[in-house]
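Take a look at these structures.
Both complexes below contain chain A, partnered by chain B and then by chain C.
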Partner chain A sequence: MTASDFTKTEGLSASPAEQREMLQRRLEIDRAARWPVGIFLGSSILWLVLGSLLALAASIKMHDPEFLANNPWLTFGRVRPAHLNVVAYGWLSTAGIGIGLWILSRLCGVAIEEYRSLALAALLWNVGNVVGTWGILRGDSTAVEWLEYPTYAAPFLLLSFTFVMMTAFSIMRRRRPGHIYISQFYIMAGFIWLPALFFTAHGLLVLFPVQAPAQPPINWWYAHNVLGLWFTPIALGAVYYLIPKIIGKPIHSYYLSIIGFWSLAFFYAWNGMHHLIGGPYPAFLITASVVASVMMFIPVVTVAINHHFTMIGHFKDLKYSPTLRFVVFGAMSYTLVSFQGSLSAIRELNYITHFTHYTIAHAHLGAYAFASMVFFGAIYYIMPRLLEREWPSRGLIRVHFWGSAIGITIYFVMLSWGGLLQGIELNLKETPFMEIVEATIPYLKWRSVGGSLMTIGHLAFMVSFVWMVIDRRNRGSEPTLFANRKPGDTKTAP
Partner chain B sequence: MLLPSFVILVVMLTLSFVTLLAFSKTASSGQFENPQEAARSIFDADEPIGKPTDPLLQNPPDEADSKI
Partner chain C sequence: MSNRFRFILIGSILTFASAFAGLVLLPVWGLGNFEQVPDPETGEMIPPLLTNQEQRGLQVYVKNGCIYCHSQQVHPERARTDIARGWGSRRTVAHDYMNQGRAQLGTMRTGPDLSNIGVRNPSSTWHLLHLYDPQTTSPGSIMPPFRFLFEEQEIGEAGPSPDALSIPEGFAPPAGREVVPTAEVLDLVAYLQSLRLSEYEVPEAAAARIESVIE
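The block that comes next holds the complex of A and B.
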């Protein structure tokens, strides 16, 4: 069978006329999404590269404090929060919006009608990020972790997200009749949860700051929920869409996916307080959070069973599909980071790992090895469909994947190990503090090595993206676009 | 402490209520029935179920060339 025979594959329930109509509808959906979603995805990659450079600077400063120390804009206290916010709002959120809207549009079977307001939203979102990053680097940080962007950046972000939500609701309202697929639940939930979280936390911590003792619980309620109720639902929605689509096999158990989604929806919001174990807060608050964290085993196990059992018999396909490779890496990391998170919330382990580099490694396992890798895979899947052209170079995709995969593995393993040793030592009263600090330096250097590899991968990704956008030649033989279209063929990929 | 607790409580209760409402509406509209069909709803009628939708996965034109 050749690629051009694709629509003649056995087992199809549609007539040739219906097949043409469906291909045409997907083409219209992708063309309507081309500009707004393309701007979100393209700009997210620029933020990814900037965030990586800021991360590298912060990482090197941890073992070489003199590095870039003479410029006040590049001191650790500014570079580190700039990195965090750039990757959270510039990279992950920007990519998440683009990916979420495109998948929603495809699953609902309707084109984005609000492409002008959505393009404006993309512009506003990026202005908000530019203003926020500039504000942090010039010394205007709010000093509230995960919300360091100064107050004057928030209106851009909130206004932009209002347009995004209006588009998402419009797509859902116009959806074709029938089942709402689990990815639609996850993505819509993410689009509703983020503004609620941001509005509440920004209001209580930045605009009208409450008394100091009340701030950390709100802060960690927000920071943890951004991961679990924004990045996670968008990424899981993408995984539930991409794996079945690529391998042509429905998910292993739809029942489990329903249990997974609703248990996340009902229990996740309680998780954040486990960051305050040992703090001066009511015991019930912390204990409820520890219990909720352990209960996260339920959604995680359901998702893990679904993702991994769906892939059984198809692992050989990882050799040929870049999307599948990134997404499966991300799905496996989700299982790992979630199990680790639940266990880390248990007091006995938390007493050792709290305030150590172990927590940083855990955060990167979630935000990078899981969410970012899934988003990379999704972008590899979406862009050829938006632009109707192939990725230009397998070599660059290879550099991106291996740079990211090896980089995050080094980062996670070395920093987790160093953090555990650091935590054990910190609990021994007789060890001088400076000795503990010095003992972490080799692990911090390994972190910079891992971060450098990831940055190389991101640069390859950016070059690949820019090359793809400016190169208009048809590249029908590459692996990422499914249909080998002939010149003049109007078919889009499935 | 009273104002933040109140605001957070209102947001949490609202979100919980919306979540419960969404859950109830989802259940009553039959979304939890026939999971087989729901799992297959991701595929359009012109997409073959049971076969990879990527011809390069099914039948790579040149195995050495198509590996990434």
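The block that comes next holds the complex of A and C.
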């Protein structure tokens, strides 16, 4: 958004009549979105809590193998993929659909008309997740990483996403004339990429599997890109929308953001094969992804400049706005996780980190410290507008933020360190394997500590959400901030 | 639909399609049509196809998520110590996996690599004990016990079942009871015993020993 566009869309130069019209339009948009987007966001939080409990169980099992060991439904090899799929499709994707559609609808200046089919889509999406999770736990997991949901869950998800896409296209087609903002690029592209990825990979790996040697490249192309071409564009679109909105300042450079988008579209899609470094594949195939992964520096640097330079001069707003604090934490993690990812794709470093807990820590830096934190922030921003109510308790938001922030920091630091030690020792042929297993146990215990803190944060989030929905008396006119504004401080939206 | 919107649509589809061609279609064409070949010495067709029991065993491996801790890929010496650790006599190549219905290459080595576990540990007694409780054979292991793949039962009047496991002191069930494997765990063990991925002289095996040609 250029400075003049920003002034226009924010109504900063508008006459009182125009401002009234704009506010009226936003009200209509939010009321039309209330049910469909609200169902997506609300159910995503339930999946987040379920995903956290599955994660904790899997984490404890790694240092205490007798924990819940006698029930086949709860064996490690089922709980772990159940965790991954629940957080990927239940939490991140469900929240991503809701957040993406709401931002699209706001930026296009038109209300969602398809709220009936969209509410049906939300229902189908949740049914697909329930069926898929049940399928994994009962023993129908496909053991294709990131695609463990059995085939009978896929039609629900694909049908649901068809409705979601139709809504997104309809919003874009009816949009008010004028500029297309960068968030619309990212979100629209994400809505196209996810179904294309899922359809291709599920079809070629699970439904009509290609011969086994060809499966892992497709598997890792999918697994890396569901992060890069689905969670990332929705989360970046949300960051690009929320930071300027909250601090009341346009993004640093519109042109950089366009370069960032197209370089992400081109390079991210070619990632994935670096998960197979050293594996039984032609070097050129793997090198293509190593190069693409290193080239990700371009989109990452442009996005980093835009996000962090826009924030300069406004860091004190972090003291007040919950949304801003979550979103900026996420944006900083994006820079970190992307640099780390590009470096880990380089063969010499990959020889150490591949096959170790280091990679698991990296995945959580991306999916949690970046994508989930941004989505938390977005939900804190969107829900008061959908419900025309404020969040009931700043204390609960505080518990959520600090639980998540401290939890993921412990998780990432300890598991990365343990993973590095594991990788170095694996490459020393004198070190017996069992010694390496024993050496990682303290770090695995630290992961359970970090995970518990994150889970406490998620429980606070869920309580906060449910309380907000059922407490009809709460019509607070003031946004719920971490601290009351002092006179003279910049005005800050929640 | 304005031109700018169309530009985003077409651009996102084209960038995606380029990667789809390179990283999906190319592997499917180039790595998805392997055939059995005669062994240069014995003339038998290799790699041998999985028997029905081994295929069922692979399903047990898949549904219980062995892949989340065990890889099935031997890496070259340049990269790692797989060969020195005895995980295989050479690195594995794509052809080695043609008989596997579902590739289980894996991404974690919380436990050791299993590409050639059938060579390294051919004993079914060992595998059954290890699956029943890993502590019996590998003290300190963090692998979960798979007792649910076994049945604990009263010893019948005719005496202990011939299939009963002889479990070491401290892990054994109470007196008068015995542990027998289910069909599922026997399938799984048959599959594990069949894992000898680096053992067959497929055409690419010689190059794999030189290791400069492929990744």
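In this text, the second predicted complex is superposed on the first by the 463 of 494 C-alpha atoms of A that agree within 3 Å, B and C clash if a C-alpha of one lies under 4 Å from a C-alpha of the other, contacts with A are read in each partner's own complex, and residues count from 1 in each chain.
What we mean here is this: a residue touches a chain if its C-beta (ideal position, glycine included) is under 8 Å from a C-beta of that chain, and two chains touch if they have at least 3 such contacts.
Fair warning: this is a prediction, and the values are worked out from it, not measured in the lab.
Enquirer: So in the superposed three-chain picture, is A:Ile218 touching just chain B, just chain C, both, or none of them (first/second/both/neither)?
Expert: both
Enquirer: Which holds for A:Pro322: it touches chain B only (first), chain C only (second), both, or neither?
Expert: After superposition on chain A, A:Pro322 lies in contact with chain B alone.
Enquirer: Report for A:Leu107: first if it touches chain B alone, second if chain C alone, otherwise both or neither.
Expert: first
Enquirer: Just chain B (first), just chain C (second), both, or neither: which does A:Gly178 touch?
Expert: first
Enquirer: Of the two partner chains, chain B (first) and chain C (second), which one does A:Ile258 touch, if any: first, second, both, or neither?
Expert: A:Ile258 contacts chain B only, not chain C.
Enquirer: Once the structures are superposed on A, label A:Trp193 by its partner contacts, choosing first (chain B), second (chain C), both or neither.
Expert: In the superposed model, A:Trp193 contacts both chain B and chain C.
Enquirer: Answer with first, second, both or neither: which of chain B and chain C does A:Ile247 touch in the superposed model?
Expert: first
Enquirer: After superposition on the shared chain, which partner residues are touched by A:Asp471: those of chain B (first), chain C (second), both, or neither?
Expert: neither
Enquirer: With the two structures laid over each other on chain A, which partner does A:Pro280 touch: chain B (first), chain C (second), both, or neither?
Expert: Once the two structures are laid over each other on A, A:Pro280 reaches chain C alone.
Enquirer: On chain A, which stretch or stretches are contacted by chain B in one complex as well as by chain C in the other?
Expert: Common to the two interfaces on chain A: residues 180, 185, 192-193, 196, 200, 204, 210-211, 213-214, 218, 221, 262, 265-266, 269.
Enquirer: Quick one: which bits of chain A touch chain C in the complex? Just the residue numbers, please.
Expert: Touching chain C: residues 61-63, 65-66, 69-72, 75-78, 80-81, 139-145, 172-173, 175, 180, 184-185, 188-189, 192-193, 196, 200, 204, 209-219, 221, 225, 229, 262, 265-266, 269-270, 272-273, 275-283, 285-286, 288-289, 347, 351, 354-357, 359-360, 426-429, 433-434, 437-438, 440-441, 444 of chain A.
Enquirer: Which residues of chain C touch chain A once you look at their complex with the stated criterion?
Expert: That would be residues 1, 4-5, 8-9, 11-13, 15-16, 18-20, 22-24, 26-28, 30-34, 61-69, 71, 73, 75-76, 79-81, 84-85, 91-112, 134, 138, 140-149, 214-215 of chain C.
Enquirer: Applying the document's contact rule, which stretches of chain B touch chain A when the two form their complex?
Expert: Listed in rising order, the residues are 1, 3-5, 7-8, 11-12, 14-16, 18-19, 23, 26, 31-32, 34-61, 65-68.
Enquirer: Over in the complex, which chain A residues touch chain B? Could you list them?
Expert: Touch list, chain A to chain B: 1-3, 5-7, 9-14, 18-19, 22-23, 26, 107, 178-183, 185, 192-193, 196, 200, 203-204, 210-211, 213-214, 218, 221, 241, 244-251, 253-255, 258, 262, 265-266, 269, 314, 317, 319-322, 325, 394, 397-398, 401, 477, 479, 482-484, 494.
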